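Residue numbering begins at 1 within each chain, and the chains themselves are lettered A, B and C in the order written.
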């Protein structure tokens, strides 16, 4: 029969065409998670999404933290940029939105999806009334400490309430032959936590917002100069591990995990890094790990419950397929957020998922952030790429004893004025 | 009275002293390299206590994990493609331009030559930012061509100089005879100059290839996709990822410098001639 | 006549086009962008005149970069070149093993700067490195050389000498081998000591070779980037910045196009000044 070949050809053609139409939509996601288990979790979520949505695949790519931050500006201008990128929000997000490279998610983030998050979380990713990102996790900066080393020096973490208490503890540790503090000076931003948190304690929310509005002396005002002076007090005690000025964040996390120093001022994300970079790949076990919040300063206008940390999330770049947005919706599902929480990868931001956190320290942090009325996002992200970099520079320079606190504050203010 | 071994040197030195000094310097030169190669064969703990010596136990896993994955080979392939493209384009453009400058006198030729040789005076770094903007605006960011074309452009100065010198040294009777016979410039270039130019093509080719192979700054600015990284970027990305696992990083470094070392041992003469020819003839 | 036009129109444009588009134009644009404050998006609008240059020279990090470049040039001329010359003198003969030593000394030069930088990052590492091990054997605490603001630059200078002395050595060997050995014999017959032969005969005859070597050393010194990045990235506290690493750190990664272009212009001026100065001296010789 003459029809048969035609039907056969037609069949194959149709199959071919439909295959082409249903061809894989590839969504590229770029992340900075160094911990292999956490990144495996991410890949697992991607795999499940692809399984439940035939025709779409999520390509997970990793770039090391520092390189990621440095390359982001050039990366976003490439025609081949990733579809989903990791974000710390703040001024960097603002610049990216201004450059027109980030997709507006306002129409997608409605109803059930939007209800998952607290207003504050959504606010962090809203600019000019439009939502540009999906919040995913929160973090807080505080002092992690090694219980054994503290015990050895006879230091009681619960008694460290004020900045002077901290300085005294440092002295006590030193005289017991223990390196008081580990710091990742090579990457600079770990040190800017000190300067920033001191400023938060000294001036509180009002000082920062005034500086943002370029009122008065802005970042050269008293709270910021004082922050530098207080940092200098600490630095003058020589509390850091040898070679701290060259230690990268992964290195320093590994050093803390190896017991080379008693405490480290870091965000909870440091735990992942500690596990990945310690000599035994485990670091300090949970029961030997302690945490206390950043001390208050004398005469400070800030509230003791104010927190410094991150509110991290994911952005979609302009022109990405809708599967990118869809994947983020899938990923921010409370089920996955709870799993991540239970396995200790990060503190999820979706409402009601935080009770799944098993790690006591992380639970405490989650509670802190919930309680806090002023959660300051890391300065180096908040203030935008060029000013943020200056904050990092001056903090590291104070730690290296090459500039004065006054010069530091003035440099930040100058950079802020230039950028605005 | 001189009883030295030969007369090439102004100073004669006792052989024992000479060898002592040479071995000392050779040791200082080679120790970092040997430690790197051996480091890849150690476990992290072994490396920590014993960075100098032979591995307590030869770990083949480090090298194997890198060689058995696609990442390393992808890097080499990228570098090869980029460098070959750069060499081919540079040889073509530079030899053609140099030919004109060597044989054809026309109004403004001297000026144009000086213009092209300006590129010799300053490194690519001076214009890297406008170059980045330009590559971006041409839509060539993150592509092979975005890297190859600027590399060719910056290599033209040196290449044209070398080609022109060589062409000038070819016997001029050849040229005059050809003109008399009615052979056009283009035919002359294709059938006479090029075949005679094998030595200089090789020399310039080597210089351009090595420079492209080792290039770091330009790829760093232009490329973001890790699947088109040339090996310098790939190596640094690997180090960023495995920064505290020195045994892996050292293995990776060894494997990435291996092609250069192999090429060197195999083609010593040409490499040295090529790399120093730019110096002596320039 | 026709052939002439054809070859010019056919053979010149590729090179001219590539060069103009990717070298000449960007250089001009660098001068133009340097008078704006621009982050790379859209067109430059924020005219700031010479402010970028003012900020540049006020910046402690940039001044350190300039000093470091000078330091590199000084060390190259005072240590690296004499070392290369000494090795060349030792190895210019054909004796047993000479060729092998020459190859060994040349090997660092063929490595990419990035690779050399990473290798020495390992050597200098305070936890795992060779220097640390030597220190502990000698009884000292292992130094974190690359994290020390006073030591880091010197450590880098060592790497620079290690990497390039072999290259200069090869140039000198070529130069030495062109000297007529009869001159030496004549000098010896006249009773000259080794040292006098060196100063009065060899060095003057090597002058063109030395000039060439200096040219490459200085030009190379101005451009250092690939070597510094794996070692210190310009740190700690900007103590090991060079002009190009400064340009990358403060211009490229922060997308300050105007500012970075200003650095590029300064670099260009330095290179051109050197090229002219060198030509002047060369012409004085001739």
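To be clear about the criterion, contacts are C-beta pairs under 8 Å (C-beta built on N, C-alpha and C of every residue); 3 or more make two chains touch, one makes a residue touch a chain.
What you see is a predicted model, and the numbers here were worked out from it, not measured in a lab.
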Query: If you walk touching chains, what's the least steps from chain A to chain C?
result: 1
Message: Looking only at C-beta pair counts, which chain-chain interface has the most contacts?
response: B-C
Message: Based on mean C-alpha positions, I'd like to know which chain lies farthest from chain B.
response: A
Task: Can you check how far apart chain A and chain B are, centre to centre, with Cα atoms defining each centre and the answer in Å?
output: 41
Task: Return the distance between the CA-based centres of chain B and chain C, expressed in whole Å.
output: 16
- prompt: Where does chain C touch two or more other chains at once, residue-wise?
  reply: 40, 252
- request: Give me the residues of chain A that touch two or more other chains.
  value: 74, 77
- line: Residues of chain B that touch two or more other chains sit at 132, 221
Message: Using the touch definition from the top, list the residues of chain C that touch chain A in their complex.
response: 37, 39-41, 60, 126, 141-144, 146-149, 152, 232-233, 235-238, 252-256
- prompt: Which residues, counting only chain A, touch chain B once they are in their complex?
  reply: 34, 61-64, 66-67, 71, 74-75, 77-81, 248, 250-251, 254, 277, 279
- prompt: Which part of chain B faces chain C closely enough to touch in the complex?
  reply: 1-2, 5-13, 15, 18-19, 21-22, 25-26, 28-33, 35-36, 39, 47-48, 51-52, 92-94, 96-97, 99-100, 104, 106, 112, 115-116, 118-119, 121-123, 125-134, 149-150, 152-154, 156, 160, 184-186, 189, 210, 213-214, 216-217, 220-221, 232, 235-236, 239, 246, 249-250, 253, 256-257, 260-261, 264, 268, 271-272, 275-276, 279-280, 282
- request: Would you tell me which residues of chain B are touching chain A in their complex?
  value: 44-45, 132, 136, 139, 141-142, 221, 224-226, 237, 240-241, 243-244
- prompt: Hey, which residues of chain C end up touching chain B in the complex?
  reply: 3-4, 6-8, 10-12, 14-16, 18-19, 21-27, 29-30, 33, 40, 87, 89-95, 97, 101, 103-115, 118-120, 122-123, 125, 127-130, 132-133, 162, 166-167, 170-171, 174, 176-177, 179, 181-182, 184-185, 187-188, 194-195, 197-198, 201-202, 212-213, 216, 222-223, 225-226, 229-230, 243-244, 247-248, 251-252, 257, 260-261, 264-265, 267-268, 271-272, 275
